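Each of the two complexes below includes chain A, the first together with chain B, the second together with chain C.
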Partner chain A sequence: MTILESIPRALAILLVAAQLACGAPGSEPAPAEGPGSDSPSASLQGTPGGRLVAALRAEPGTLNPVLAADRPAQTLRYLTHSDLIHINRETQLTEPALAESWSVSEDGTLYTLRLRRGVFFSDGEPFDADDVVFTFEVYLDPEVASPNRSLLIVHGEPVRLEKIDAHTVTLRLAGPYAAGERLFDSIAMLPEHLLAAPYAGGTLSDEWKISTPSDRFAGLGPFQPSVYRSGESLTLKRNPHYWRRDSQGRQLPYLDELVLRFAPSEDAEAIRFQSGEIDILSDISAGNFVALAASATSAELSLRDLGPGLAYNFLFFNLNELAGDDLPAVAARQEWFRQLEFRRAVSEVVDRDAITRLVYQGLARPLGGPVPEGNRLWRNTALEAPARSVESARARLRAAGFTLGADGTLRDPRGAPVRFSIVTNSSNRQRVEIAAIVQEDLRALGIEVQVVPIGFQSLVQRLLETHDYDACILGLGGGDVDPNSESTVWLSSGSRHLWAPAQESPVTSWEATVDELMTRQLTEIDAAARKRQYDQVQQILAEQLPLVYLVSPNVLAGAHRDLGNFRPTILEPSALWNVHELFWTPSRKKP
Partner chain B sequence: MTSRSARLAAYCLLALHAVAALPGFFAPYGYAVQDRDFPYAPPTRLHFFDARGTLHLVPFIYGLRPDEGGSYAEDTSERYPLRFFARGDSYRLLGLIPSSRHLVTVDAPGRLFLMGSDALGRDLFSRLVYGGTVSLYAGLFGAALALALGGLIGALAGFYGGRLDSVLMRTSEVFMALPWLYLLIAARAIQPLDTPPARALLIVILILGGFGWPRPARLIRGVAASIGRREHVLAARGFGASDLYLLRRHVLPRTGSVIWTQGALLVPQFVLAEVGLSFLGVGVSPSIPSWGNMLGDLQHFHVLTSDWWWLGFPGLALVFVTLAYHLLARGATVTSG
Partner chain C sequence: MRFLSRRALHGLVLLFGVSLLTFVLAELAPGDYLSRLRLDPTVSDETIELMNERLGLDRSAAARYFYWLRSVARLELGYSYQSGEPVAGRVGAAARNTLWLSGVATLLAWAVALPLGLWLAERRGRTEVALASGATSLLLAVPDVLLALALLLLAVRTGWFPTGGMVSLGFAELGWSARLLDLIHHAALPVTALVLTIVPTLVRHVQAAFGDVLDSAFLRAVRGAGIPRRRRLLRYALPAAANPLISLFGLSIASLLSAALLIEVVMSWPGIGPLMIAAVHSQDIYVVLAVVLASTVLLLFGNLTADLALYALDPRIRREGE
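Moving on to the complex of A and B:
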C-alpha cells in the first residue's frame, strides 16, 4: 500500500471505491437468512475480556493518523484515535466525542467547543486544548501534506483554531458552512508531548510507522498498537485510559485484544472467516456472502445484509477537452460521447437487472441517479432506474443520425463504425463482469466494445492525467451521507469530476448550473432548502448522464454469532464502527 | 510400448488441435453468448429414456427451471433432441468462411450446457473449446518460433564456433536472465486500449517464442558442434563444400530428433506459460476465453465452495495435453536414441 501514500486523498477515495467497500448510511438493516438475524437497536451490557480477530485487506501504510491515505490506515486511525465531534455511524448524526458540547455563532462561522475533562492518552498523559491547537496546526501545515487538509479549507481559506482556556477552543470559518460539525470527524487528536519535537524537526512523517515500538505511541482511541508481525497481523491491545464508559460506568472497550489479520483478497478473507480464523468481516462480496450463508458452518455465523450502501457503480465516457492533436482517435470518438442522445441510448440499453442478478446475486439495487438508496436523507426519490428498451435506444440513435450497416454495425453520420473500449480496474471482479454485460448489451445496438481491465494505478493515471481512454466503469462512494462528501465529484473544478476533471471553468451550461447549486447548498443553513438544491443537482445529473448510473451494491457484513453488540453500519468502518462495545457473550470467549 | 503410447498421444493431440482449430463448429454456442436466465447452471444431462420410460435413439435433454434453493431442476414437459450439423450461432470457419453449422446443438429455447454455465450464463463447454484455441495454439506457435530461432542460432554457434559462438551463447545467457514477465506486462501496457484480442495474443506468442529460444539453442549448438567435427563433414569440406551446403546437408538434418524432442517438451511448457499469464490477468484479454483465465475464476471463494467442478475441466484438459506431449517427447527420444 505504500504507493498509495503518495497519491492525493481524492485518489485514495477512488481506491476505496475501487476496492468496493463504501459504507453508507440510512438503510434499514435487513436481516440475512440464517441465524443471528436479530438486530439489537440499543447497546447491550458487555462482559470484559477476550480477543477479537478482524481482517484487514492490506498492511496499513502508516500508523500516523495525519498521513492515513489508504483504507487500512484509515481503519486503524478509527481504532486507535478519537476526534472532537464524531459522526455516529449508526444514526449518521454528529455526537459529542472529545468535545462534550459545542455552540455555533448566529452567522454560522464561529464554533466554540468545550473539551471533556479528565481525558488521558493511552500513555497516561492528560489531553487538553494545547493538543487540539497542535493537532490543527499539523493538519493544516502544507509541508505535512495531510490527505485530510483539504477538508479543513472552507471557502478557500484554512479554518482558524484558537485556545480560550485549557478546556475550551474556538474554530473560525471564512463563511457559513452547512456541514460544519461534520468537519471534525476523522481529525484525530494528536499527543503534543510526543509529536511536537519531531514536528518541529520536520520528521513527523517518519513517526509512527507500522513497525514503531508501541511505547512511542499514544492515542485517545479504544485500542493501541502492540505487536506487528510483517505480512501476517497487527495486534492492538486495550487502551486502559480510553475515555468512553458504558451505561453502568464501566470503562470501555470490553475486549482485551483486537488482532487485525492481513488477508490479501476478499476470497482469502471469506475462507478464513468461514474456517473461524477471523471473527468479524466487513465488505463481503455478494457471491461470497451467498456462499457463506450456504456453507456448513453458517450456523456459527451472524451474516447481515444492510441493503444498498453509499457506493454507486457507473459507466462514463471521456468528455475531456483534449489539447492539440495528442489523441486524435479518442477525440474522434468523443464526437459520439458528447451527444446526449448517444449517452441516453447507452443508458437505456444496459440491463441493470441482469447486473443486479448475475453480478450481485440480487444483493444490489439498480440506479437511476447519482445518489443511491442507502442515502435516505439526501436521495431524490423521483429518480428511478430507466426501464430497459433496446427499441427506444435504437430510435434515439437513429434520430441522432446513426445508422445500422448491412453487417449489423452501427455507423455514425459520417459512416464510421461505432467502436470503442471500456476500461476498468482488473482487481475488481464485479466490475469486469459488469463490463462483460454492458459489452453484450451494446452489441444489440451494433456497437462493438473492447473490455480492457487494467491495474488501478494505471487506470487512475489515464482518467486524471493522460485522458487516454474512451469509456470506463468505476464506482464511488463517499465516506459520509452529506452532499459535501460528493462535492469533488460534481463540481466541475473537482478532482473526482471523472468525465472531465479539474476544469478551470465549466465547459457546459449544465455543469455551470450544478456548480452554482453545489456552491449554494454548501452555505445553506436551512436543511429543507438545501435538500431542494441537492435534489435539483441530482435531477440535472440524471438528465445529462455524465455518468451512466448502474447499480448500488448492498453492504454485507458478518461476525461470529457469539459476538455481542455486532451492529454493522453502511458507513465505514462498517462492522468495526462500535469496536469499543463489542464483546464475547459467555457462550464463547476467546482465550 | 513406448512407441505405441507415443503414437496414441500423437493421435489424441492431433484430434485436440483439430477441434481447437475449428472452435466455431465444435462449440454449440459462441463464447460470448450470455443466457442471463441460467447463471451457474449445472451440466445438462443427456437422456435416452423419457419420463414415461420410452427409449429414444437420439439422445435428448430437458429444459431447466430455477428451483427455490438457487439451483435448477429439469422441466420434463418438453424434450429437446440433440441436433447434429444443425444451424445455430454464426461464426467464421478458420476465421474466413462464414458458417452457422454446429457439430451438436439443440433447438431454442432448449439450452445445451455440456459442462454447465458460468456467472453470466455462458456455455462453459463452448468457452473451453474456444479457450483451447488460444491456449493450445499460443503454445504451439510460441514453441515453433522458439525452435526456429533456437535451431538457427544454435546451429550457427555450434558449426562456426569461436567468437560467433561466444557472442551468441552469451546473448542467450542474457535472454535467459531477462525478466520476461515484466517485459510482457510492459509490452501490454504500451499497447493502445482498443488493441484487438488477436493482436494481444500475438504479443504473448512473440514474447514466449522470443524469450524461449536460448534453451533449444544451447542444446542444438552442442549437437551441431559435435557433428561439425565428424570426419565425413571434414571430408565434405575438403572436397570444397560450402558452409551453407554443410549446414543444410549434414548439420541441420542431424539436429532433427533434438528439435522434435525439444518441441514436444516446449509446447506444453508454453501452453502452461500462457495459462499462467492469463490466470494472472496479463495474458489474453478476459473478453475472450483461455484455459488460464477460466482457471482464474477458481480463485473465488464462492466458486471454489459451490461450483468448483465445472472449473475442473480446463485443469483436466491441461493435464491431458501436458501428459500427451510428454509421452510424445519420450517416444521421440527413444526413437532417435
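Moving on to the complex of A and C:
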C-alpha cells in the first residue's frame, strides 16, 4: 500500500482520535436513528431561504446531463434537471414528473405521455414536446455516445419517440418491456432552444462544461449552476421557474442556494461534516458513522442508519473457460472452483457475522442471496444467510474427495494442497478487510489463501480480459431496484457475468435456466408473475453460488439537526433526493 | 544571457523527457479511463466502444502522444477525459494554489531557519544546541502525514481553523483585507505543516554552513580587528556561507513541492496534489501529464532561481558560464 493510498485510512484514524479527544468522559453518545419505516413520510411545510452546504466526493466531470458518467456528475444531473417519469427514491416506485400522466398499450409496447403544462426552463423558456423529441434524439445518437444510451436500447432496438401535439408524446418499444416506466428516470429533458444549434454542428459534447457561465445553462431541476471554484466548490442557485410546488401551492425549492463542496475522500467529508463546514452528508462509512455518533458535536447532527442498501459484497471464483495452455496453474485450481460442494463449503465457513461486526461495526446485514434487504420490491425473502458451520463445510469437502493432511493442509483428491489467491481492489479498504477475514476463515478448513489487493483498473483487466485470477472479492448494486439493472450480470451472455463473462451459449444447465427466466421476466407485464420468476432466479443463484454472497452494508447519512424534511433514502442521491423540499427550521437559518 | 538560454534549453529537453516517460508509464499501467464503466452493469459494451471513440482512446499511443504535443503548442496541455475541457486552465489554477502554499512556506521556513541556524552555529557545544539538535531530529523523524494529521486534529478539536479548502464560502463578497485574512486563516495549518517539514533540514544546513565560516581564519581576523558582531555576521560571514545555502534554497523548493502534494491531499487544499491523485486513480492521462509537467516546471523554476542567484553572487560561476 502506497503512502497516498494510506491517507484515507489515516484520516479515519484521525476522526476516531478526534472523537476520543472530544467526547466528554461518561457522556452518552447521541443515538443514531435506526432504519426507517417502509412507508413514505409526509413532507413538512418549509420556510423559504437559506443556504445548504453538501459534500461531493469529487468534482463533477460535466454539467452536461447527456454525458454524465461519473457519480458527482450524475448527482448534479439530479439537482439541475428533471425527467418525464421519476422513480421516487423513498417508495422505489415510479411517479409522474414532467409527464403528468401516461398510459401503456395492451401489448406493452406503446407509451403515451401527457406533458405537464406551464413548465419553464430555468432561463424562462417554455418546455414542450419538441424538447422531449430533441432529448431522445440526442441520447440515442451514437455520435454523442451518452453513457445512458444503452438504457434506451430495448430488445436490441432504440426506442422511438414521436410528438403527437405540443403536450403529448408517444414512446414505442420493439417489444413489451417490464421496466418500461423506469427507463425515463435518468433521462434529463434538454432545452432545444439552447442545444439544437451545437447538436446540429456536432459540438454538443463541448456544451455545458463545469466552467460554463450560468447564463448559457438552462434546466428543469430545482437548482441551476451559479459559481464554480476549481478544486473547491460549485454553488447552485434556486431555479425560480422550478415546476414543483408544495401542498400549499408555494414554489419550490425552499433553499436559495445549494453549495457542493468537493472533498477528496469520504474521511475528509466526515471531518468537515463534524466540524460544521458541511451540513449534509451521505455515503458515510460505518467507522465514521460510529465516530460521528460518539463525537462531542453529535447533538448538533441528525444521523440516520437506513439499514441495508442495494450494494452488496461477494466472493467469486474464476470459472472462465481458459483457452489452450493459458494460465495452467489457474486452470488446475479451477477444478476445485467448479465443484459446487467446494463453493458451498467456502460459503458455509465464511463468518458473515464477523464481517458485519469487524468491518462494518455491526452496520451491515449478512446475505444469503443476490438481492439485499434494501430492495423491498424484489428480494426473495425465503433466502437467509447461511449459519457458519465449519463441521458441515468439512463434511462437504470430505464428500467431494478432499482430505486433511497431517500438516493441517487441505488436499484435493490428487493430493495437491488447496491454495489460491483472492484479488480485490486496494482502494476499497472494507473489501481488503473482508478478504483478510475470509482468509482466516478458510484456514479453518486447511485452505491457504493469499490476499492480493491491486489497483481497480488492473482488477478490471484481470476479471474481464486476461482472466488471470483465482478468486475475487467485489461489490455490486447501488443503482435501481429493478431486476433489469443487473441483467448483464445474471445473463450468461452478459459482459458483467463476472465468473465467466460473455458466454456464447450457457456453459451449465442452471445458467441456461437463469437465462430463460431473466429473459422471460424482462417482457413479463404481470408484476406478480415477474416477481415469481425473479424469485426463482434468486433461488438458483443462492443454490449454485456463482457468487458467495457476503454482506450488504447499511446506508448511512447525516445532516444538521435543524434541516427540515431530511429523509435520506437508500437510492441515490441518498441525502439529496428531496432537495427541493429541504429547508432550515427557524432555529437555524443559514445566511 | 548565454547561461540563461542554455538553462532554458536544458529545461525544455527535460520537460520533453519527463512528459514522454510519464506517458509511457501511464500507457503501461493496466486499464484506462473507461475501466470503471466496464464493471457497471447498466452500461453496455457498445456504449463503452462509442465513448472510447469519442474520447480518442481507440487511437494508437503514438497518435495520442503527438496529439498531446500539438495541444501543448496551443498551450492547452490536452483535454481532460472527465470534463472534456483543456487541461491547462484547471492545472494552472491548481498549480497557482500549490505555488502560493509552497511560496509562503518557503519564505517562512527560511525566515525561521536562517537566524536560528546562525544562532546555533555561534553557540557550538552549549546545551541549547543539543536541545535544538534533539528537536530537529524529532521533527525529521516524524512523517509528514502524521504531522499534517496532528494539525488537522487540532483544527477538529478546537474549531480554530478550517479543516479543508482554501477560502470560505462567502469569499467573493469580502473586502480585500478580509479576503487576505480568510486566505491566511485557511493556509495557516498547511503552511505550518510544510514549514515544520522543511525547517529541521534547513536549520542543520545553515548551522553547518555558518559553523565552517565562523571557524575560518579570515573571520577570526575580522573578529580580531574588533569589527562588531552584527557587521561581522552580515557583511563577512553571510556572503561566505551563501553558496551552499543558495543551492539548498533550490533543493528546498523541490522538497516543499513533494511535501505539499501529500499535505494538500490530507488537508483538502485545492492544489496539484489532490488533482494528481484523482487523475491517476481515474487514469485521466492528459491531466496526469499536465500535473507532472507543472510540477517539473515549478522545480525547474526553483533551481533556476537558485542558479541565477549563484550566478549573480559568485564570480567563479560567472566565469564558468562565459
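Basically, the second predicted complex is superposed on the first by the 551 of 591 C-alpha atoms of A that agree within 3 Å, B and C clash if a C-alpha of one lies under 4 Å from a C-alpha of the other, contacts with A are read in each partner's own complex, and residues count from 1 in each chain.
As a working rule, a residue touches a chain if its C-beta (ideal position, glycine included) is under 8 Å from a C-beta of that chain, and two chains touch if they have at least 3 such contacts.
On a predicted model such as this, the values are computed, not experimentally measured, just so you know.
With chain A as the common reference for superposition, the partners chain B and chain C occupy compatible, non-clashing space. Legend: residue contacts after superposition of the two complexes on their common chain; A:S421 is shown touching chain B, with no touch to chain C. Judged by the touch definition given at the top, the superposed model places A:V390 against neither chain B nor chain C.
When the shared chain is aligned, chain C comes close enough to touch A:G61, but chain B does not.
After overlaying the two complexes on the shared chain, residue contacts for A:S485 are found with chain C alone; chain B is out of touch.
With both complexes superposed, C is the one of chain B and chain C in contact with more chain A residues.
In the superposition on chain A, contact of A:S458 is made with both chain B and chain C.
By the touch criterion defined above, A:A331 lies against neither chain B nor chain C after alignment on the C-alpha atoms of chain A. Judged by the touch definition given at the top, the superposed model places A:S211 against chain C, while chain B stays out of reach. By the touch criterion defined above, A:I271 reaches both chain B and chain C. In the superposed pair of complexes, A:A69 makes contact with chain C only, with no contact to chain B. With the two structures overlaid on their shared chain A, chain B and chain C come no closer than 5 Å at the level of C-alpha atoms.
Looking at chain A, you'll find residues 271, 274, 458 touch chain B in one structure and chain C in the other.
Note for the complex: chain A touches chain B at residues 265-267, 270-271, 274, 285, 287-288, 290-291, 294-295, 329, 351, 354, 357-359, 419-421, 423, 426, 429, 432-433, 436-437, 439-440, 450-454, 458, 468-470. Chain A meets chain C in the complex at residues 3-4, 6-7, 10-11, 13-15, 17-18, 21-22, 51, 53, 58-59, 61-62, 67, 69-70, 142-147, 149-151, 153, 205-206, 209-211, 227, 229-233, 235, 259, 261-264, 268, 271-272, 274-277, 427, 455-458, 460-464, 474, 476, 479-480, 485-489, 494-496, 591.
Interface residues of chain C facing chain A in the complex, by the touch rule stated above, are 29-32, 35-47, 50-51, 53-54, 80, 82-85, 89-90, 93-94, 97, 145-146, 149, 152-153, 155-157, 159, 162-167, 169-170, 172, 262, 265-266, 268, 270-271, 274-275, 277-278, 281-283.
Listing the residues of chain B that touch chain A in their complex gives 32, 34, 36, 39, 70, 119-121, 189, 192-197, 281, 285-287, 299-306.
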